[in-house]
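Below you will find the structure I want to go over with you.
Order of writing sets the labels: A, B, C, D and E. Residues in every chain begin at 1.
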Amino acid sequence: MSGALPILIGGPFAAAMVSFLFTGAIGRALSVLLATASAVAALATSIEVMRSGVQIHALAGWGAPLGIELRIDGLAMLMLLLTAGISLAVTTFAAGYLKGDAQPHFWPLWYFLWGALNTVFLVSDIFSLYVCLELITLAAVGGTALSGDRIALSASLRYLMSAIMGSLAYLLGVAMIYAQVGTLDLTQLSGRLGSSWSSGAALSLVTAGLAMKTALFPLHFWLPAAHSLAPAPISAALSAMVVKASFYVLLRFWFQLSEPTSNQLAAHLLGALGMAAVLWGSVQAALQERLKLVVAYSTVAQIGYLFFIFPLFGGALAAGRSEWAQEAWKGGIILILAHAVAKSAMFLVSGALLQTFGSDRISDLKGAAVRAPLTLAAWGIAGISLIGLPPSGGFIAKWLLLTTAIRQEYWLYVAVLLLGGLLASVYVFRVLWHSFLTPEEMPSVSRIPGSMSISILALTVVLLLMGLRPAIPLEFTLIGIPLPAGDLR
Amino acid sequence: MNGAILLVSALIPLVLAITGLLNGARVAMDRITPWAPLPALLTALIAPSLQVSMPSLLFGAEFDLDALGRVFLGLSAVLWLAAGHFSCGYFENRKSERRHRFFFLLTMSGNLGLTVAADAVTFYSFFALMTFSAYPLVIHDGTENSRRAGRSYLRLAILGEMLLLSGLLLATSQAGSTEFSALPKAIALAPNRNTIIALLLAGFGVKAGLVPLHAWLPLAHPAAPAPASAVLSGTMIKAGVLGWLRVLPLGDLESSTWSGILLASGIFMNLYGAICGFVQVRPKEALAYSSVSQMGYLTLAAGLALEPDGVAPAAIAACAAYTVHHGIAKAALFLGVGALSHADGPRVRVLLLTGSLYCGLSLAGFPLTTGAYAKWLLKSIPAGKTWNAWASPLLLVTSIATAFLVARIIMLLVRLQPDQVKHAYGFPLAMRLLPAWGSLVLLGVLGPWLLPIALRSAGLHVTSFSALEHIGGGAALVLWTTPLLYIGRRLWLRTAAQPAIPPGDLLTFVGSKLERLTPISKFLAVFTPWKKPFSRFTQIRTEGLIKAVVRMEEAQTRWDFGMIALALTWTTLWVFLHWRTG
Amino acid sequence: MNWNFWLPIFLPLSSLVTALLILVIRENQHRLRTFVNLLGATLKIVMVAVVGYGVYTQHAYEARMPLSLTLDLVLRVDDISLLFLALSSTLWFLTTIFAVGYLEGSPHQSRFFCFFSLCMTATMGISLAGNLITFLIFYEMLTLATYPLIVHRGTEKALRAGRIYLAYTLVGGAVTLAGTAWIHTLVGPTQFAHGGVLAPLAPTHRHQLQAIFTLMIVGLGVKAALFPLHGWLPTAMVAPAPVSALLHAVAVVKAGVFGIVRLIYDVFGVKFAVSLGVLAPLSWLAGFTIVYGSIRALFQHDLKRRLAYSTVSQLSYIVLGAAVFGASGTIGALAHLVHQGLMKITLFFCAGILGETWGIHGVDELSGIGRRMPLTMGAFTIAAFGMIGTPPMAGFVSKWYLGLGGVRAGDYWVLAVLIASSVLNCAYFLPIIHDAWFGKSRQDSVALPQRRSLVVPAAETSLPLLLPALVTAFMSLTAGLFAGSHFSPLGAARLITERMYAP
Amino acid sequence: MVLDLLLAASLLLTAWRSLYANDPLQAVGLFVAYGLLLALAWARLDALDVALAEAGIGAGLTGALLLGASRHAADRSFSDRIASPMMRAFLAAGALSLTSIVALALWSLRKPRGPGIAPLVSAKLSESGVKHPVTSVLLNFRSWDTLLEIGVLVVAAFSILALRLARSPPRKYDPMLAALVRVMVPILGVCGGYLLWAGSHRPGGAFQAGALLGAAGVLLQLAGYDLLADSARRGFRALLVVGFGTFLCVGIGVSTLGHQILEYPPTQAGSLIFWIELVATISIAVTLNLLYAASGSGAT
Amino acid sequence: MTAQYSVYALAGGLLVGFAFHALAIHTHVLKRILAWNTLGSAAFLVFGAIARRNTGAPDPVPHAIVITGIVVAISSTALALALARRIDEENKK
């Protein structure tokens, strides 16, 4: 049994324990060590998956229907690598941002969140997915409430309520699936859901629940307040990974459980909601006054893009062209990665600016380009990826989605893909405009601590690398791609 | 190597102009400039007929010293030499003379260059160089009048350039190459040859003073200083004629419509110029109009050259002869006017006046003058019966008109008061100006004998001058003009403050009409007033929209909306999922 | 190390490395930064020369880097790219010298030069792009690299110009992306090849191809400043002079026009484009832009805005030449690509010098400046006459071939448009030249600096500003005078067109 | 059969009354009653473990928490609803659609579709180291879920500590309560121990035992012991974390010996499970106490 | 045995409907927490009913699931109540 997996799973949890018990410098150092060990383990497992394809580990030694299995395919591995990467960056950022142990409670919650995120991508049992999602939600709500003022607390309460509402709907769906098929394991469930009153109900409840947790357009009401009021490292993790976790589960359900070609109409409903999300989110982001709210609404918009995978992938399979479906799948996943990295970079930048400039109102950012050039450059590069301009990962994703959409003649998706990019450029460059303005007297502002700028720059470098050499992540996406013709690789 | 001489002779003035700019070389330049055209004169006289092509220059430049080129080069060189020397003493101070000299040399280089150019593009380049660098000469003294003249000169020059460019383009697209040897034939065969010929005629016509396009001439020549206007009238307007002779399909056309048109316009130009000149009050304007009328003869000759029945060589020879004659006479007159305005002693005035009188008579074509010889050559062009019938009466009438104009000019010259110009050089001014003027008048006097020799040596076969035939023709002219002059003496003797027809007749008339027409910028101003409310309107709309959007967003963040949305989502999903299965 | 692979990569890399080095250099190390800049520029010129000789001797340079399974980044040196490479590398060298002189003592120089070299990397990339996707990537990078240059001064006006610039170019970029993706779906990765790659699709996808062509023209038209999409060019005049020189003569607008030339000749193929019936409307649009640009230039009082509108009209010469079917039209277009660069950059250098040394911005403040700055105004006059199209200068050469192309293709209105625009050019350039040389000079009272040298009169500006202007003026003169030779832009254009129209 | 119908009806009645009650105390009281009735229902469904858990945690502790919180929610806005009638209509329709979807689906699932996992569990029960099927599923077959579930508890504890709630003022001494506490606490302790031990072969187990010990803790808090005060001491924090920590160490430790993660070697499975359960119970008890202390237990 | 299943399943379904309606309608935090606890317990009832469909011993897996569910429910309720109390404290300040 590969040695890396236990460290990958246990690392963050152990770090949480240690940082809870020993709040001093040693405790922090030890927990950081454990966390990095888990990140390295993630890398090791990815190499193994790269070499030998999909890996399955039966937990506690029992087989699939009885026990719980860990299934790591290309998509899961990419998400694990993403979590490891971004969490490392966020941890280094938080070290500088929180200035020593001003916030002892931050670290245990943060490591628990990291550990929970790892588990959700590994496990392939629908009920343990529910428990993982609950674990993530509680850790995230705990983290959001850390900033302590009244509005942040009510935002986190509202977030908790809506998240739990989503999980309960998901739980009802799980109950019906279990009642109908008799097993809880995803791989065993694939294709056996059939089409009856209970399967339709189950799928709609699960989708609705997870859409609520992913903040798809009509259900996005809780996200802006929660993500913008949480402390910067937490909001980075929220936007980049927590939201993606429930989307990942939805992807698993939609493409592994039911055969995608059958429910085209529902897929297009999700696509339509996605389109509405892109337009509504971008418009809202352009109107916001505070930087973090802009980034939060931009998350709402970018999540809209993610939901394009359902109609495009399903449509391609319905048309019997598996290479089109492959392109849609690759585009979608690269978009998840690119958005995660870009959004976390943006939140970290807004956190850094908040700390150095005292306020994150955009109008107060005058002269920022001179005082904090690197941070603004990072915001620019992350913005470029959101808009989908070439040297970034976002462009590759948009290019793949565009080509599939054109091939399947979905002109509406093509139009929204392009229009979304332009609308994104409005709020990205709006911040740059203000920061280029040179105020009369230049505010004397402290330099951004090294660890914060290093983590931000590391994220932007990853973005550019993904743009210039996307071959490696693309290679990963094909492992275990849920095409009817089995594993294409 | 020998080909290089051609290019060098044309480019020496250009090089000198540029070296003149350097601060140190100023004094040295004062002595060298007058002799700048000398190499060109020498090439014209002694150089063998040369043919040179430089592939890398422009689109493969060709230079060819053929007969026509040699004549024009010689004439231009002589006149530029005279004007150069004349200008040395003419200006009031050193600074303005230097500025004048820079552009003087540029124009000279352009003029000399175009005579030897053998392909359309090189010709056009030198032509443009000459035209544009002549502009500063026209507005040299900086008064408002010369600025206005300069503006009209430039506008019409640009119009001419553009017409010429389109004509040459159309011709080259037919001919496939830009050489002058190929162009005429290609134009003759071209389906749209009428448009090409019209464009070329108009293009060169602006420079040659073809009537509707001549309006800049009476404005520009008087405004320019004397040496400049001498050269302007002497050789530069001749460049237009050279252009016609090079490009137009002489003798290759079937129909004689074009030659008919040219003949008619030549005659009309002659008479129109004479009439306008006659009413002028200042000698320079009168001289300018006399140039316009004399160019009528050249247009006449060009028209004859266009005759379909191959009379081109004779017509070209006659045209060349007339060009030389007119060039020298007109330049002498202009220099005379310049000298007169500086002459202080009575003796010098008498000398200048007699010289000018001789030149005037030569212009009118009195016997034993180059004018008579040139007119005789024109008459003797064997261009079909119509021309033979009409040639002598026409030439007679035009000569009489010219005679009247000459009389008017001489009278104006007599009345000209010298304006008080202080002497920059400390010795009497006339001393500097006379030699240049005198040499020209002398050339004029020796003209009838020198001209045929020069033309024949250049390669144009032309019958030599024999006093006998001229006496007969000339006698008829004298018999007619002297009584008429006597009858109309009140006309040409009267003085008037304002000329009946203002100089630049057509242009000033049309120009004033244009000014009243609201300029385009006012036209655009009409639109700007209601631009303001439109942007105001859009602004209100967008603010309203933003408020609505923000309100909707607030509504959405309320909890119940979220729950409704959730319920809505799973119900629609359930319905859609079952749509297919149900 | 096989050079065929590495040279095309080194070209954009050299300016990228310069950009990164400058980022590292501190703000106050002026001398070091200038050295790095000039080193990068000279290195580039040497490499372009080597590559030029290589292409001349039929040597194939290509670097192919896989971007994803179906997409790959291709950097290839072929004849058209060589033309653009030579132009941009020489002009960049001169603009760098000019910029160093111009920005003496102004703040944020390292940021300026960093983005300056990034912009050059993008231009190199565009000229070397071997297929449509590479072209698109560098096309978008160019937009991003030039934005900070426009807003360099940080004033409200500069930012407004930046906003407008971004609004136009980003929309253009998105539309080009749509077009490229559409072509990609139809034909797969499109390699630039003379004669075009889309011909076999003709019978089945006629309307789709027409739609794609329109999309691409709109996308590229934004940077090529075609009529409705030119709004950003005049407002971007608020940028410092070296930027507007770079923007308007070398990098941005040339990228748009170069893109259109690539599109017509190497993606669609000119014969196929004619059969599609898309070239005629493009030529009408270009014609209209030429006249419109010149008319608007007539009414501008600010010198740089007038030059900007003149750029709008001059660019459409190239598009007109490309759109008119026929060898001489193409020769005219390709030659004008270089000539316009040379002449326009001289005009902007002079405008920059006037703005910098004497603070002259308006057209009416120029009277009498010729006498006090003869060399600058001499260069300006040469370039202005070149713009008008008087013979010895380069402008005449391309106008001549464009006219010839139009006439040979049978649409005479092209000739009319060229003539009309020449007249308009005279209308807005000659008054400037007249005032400069013959107007009464107003600022005589200002004390003239006391250095008198053999050549440079007293009131002239500092050498690093003056030299580039004179060099480019001289180049535009010689490019016209020695047009016939093989090494002149016209010679190169003729060579390219022969290869292009060969069977 | 009649008993089930009666029970279901009473369940619906109490739930409906508690959900729409106007007074917070009344609502919580009814909620506790509803919880107990639900425990009865679980007993009827032969799910004794669940019944115990529902009674202990579902009704008992949650009820206690809610009671503590309800004293604060004395203001009248307790029962006001969404203003606009149109919204209420939509929401009613939404609720109706949810009910119909769930009812329809459950109706179509009346007949069991296949054996499910039950026979598998009973087959492998002998190897799991415990005899009671539910405990075997909880602590062996799906031990991963239980690990995460304890994690959830720990995270809740962390979050609550992070909120840095103000400590409620000390209570005045109440003799009656003191006497009750002196009697009840030992009884609860013994019952908890028994439940823990019984878990391996009869319904019972860590969570139920933890609930009882938690209840004992609550009684102590009511009697004046202020738990939040010494929550900062390291000992308390260690107790909080020890359950999750040991379970995790066992899981990971086992995997280093060549087994899968959480795969107990067959021989020591039983004892390992017992140790894990013991430690888990302690942690669960402490965490539940902390939860109660944080959600407004004391105060006026 | 299916009769018992249908009774409790039906009760669970109705309870889910009631709870969701109460959750959506009311604005007060405490009422919402109450409603969503009921909703959770109703869902677990559904699980229980499913476990009881066959005649023999009930299926232990749903029971384990329900126990885990209950623990998760209480932890989230506790967190919600703590947040509510903290908000009250902030309001009073």
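Here, a residue touches a chain if its C-beta (ideal position, glycine included) is under 8 Å from a C-beta of that chain, and two chains touch if they have at least 3 such contacts.
Worth saying up front: this structure is predicted, and the values here are computed from it rather than measured.
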Using the touch definition from the top, list the chains contacting both subunit C and subunit E. A, B
Could you tell me which chain lies farthest from subunit C when each chain's centre is the average position of its Cα atoms? D
If you average the CA coordinates per chain, which chain's centre is most distant from that of subunit B? D
Dominant interface by pair count is D-E
Grab the C-alpha centre of each chain and report whichever is closest to the global C-alpha centre. C
Here the gap between subunit A and subunit E, centre to centre from mean Cα coordinates and rounded to Å, is 29
Need the CA-centroid distance for the pair subunit B / subunit C, whole Å please. 37
Report, in whole Å, the distance between the mean C-alpha point of subunit B and the mean C-alpha point of subunit D. 108
Could you grab the centroid distance between subunit A and subunit C? Build each centroid from C-alpha atoms only and quote it in angstrom. 43
Counting only residues that touch at least 2 other chains, which ones in subunit D make the list? 82, 91, 94-95, 98, 101-102, 106-107, 109, 116-117, 121, 142, 145, 149, 152, 155-156, 159, 163
Note: subunit E residues in touch with at least two other chains are 16, 20, 23-25, 27, 29, 46, 50, 53, 61, 65, 68, 72, 75-76, 79, 83-84, 86
Subunit C residues counted as touching two or more neighbouring chains: none
If two chains touch, include that pair; go through all of them. A-B, A-C, A-D, A-E, B-C, B-D, B-E, D-E
So in the complex, the part of subunit E that touches subunit A is made up of which residues? 16, 23, 29, 32, 36, 39-40, 43, 46-47, 50, 53, 61-62, 65, 68-69, 72, 75-76, 79-80, 83-84, 86-87, 90-91
Residues on subunit D engaged by subunit B in the complex (per definition of touch): 82, 87, 90-91, 93-95, 97-98, 101
Taking the complex as given, what residues does subunit B use to touch subunit C? 21-24, 54-61, 121, 124-125, 128-129, 132, 136, 139, 142, 154, 158-159, 161-162, 165-166, 169-170, 172-173, 520-521, 524
Within the complex, subunit D is touched by subunit A residues 1, 3, 5-6, 9-10, 13-14, 16-17, 20-21, 57-62, 65-68, 70, 105-106, 108-109, 112, 115-116, 119, 123, 125, 127-128, 131-132, 134-135, 138-139, 141-142, 145-146, 148, 172, 176, 179-183, 196-198, 200-202, 204-205
Please give the residue numbers of subunit E that touch subunit D in the complex, ascending. 2-22, 24-31, 33-35, 37-38, 41-42, 44-46, 48-54, 56-61, 63-68, 70-79, 81-86, 88-89
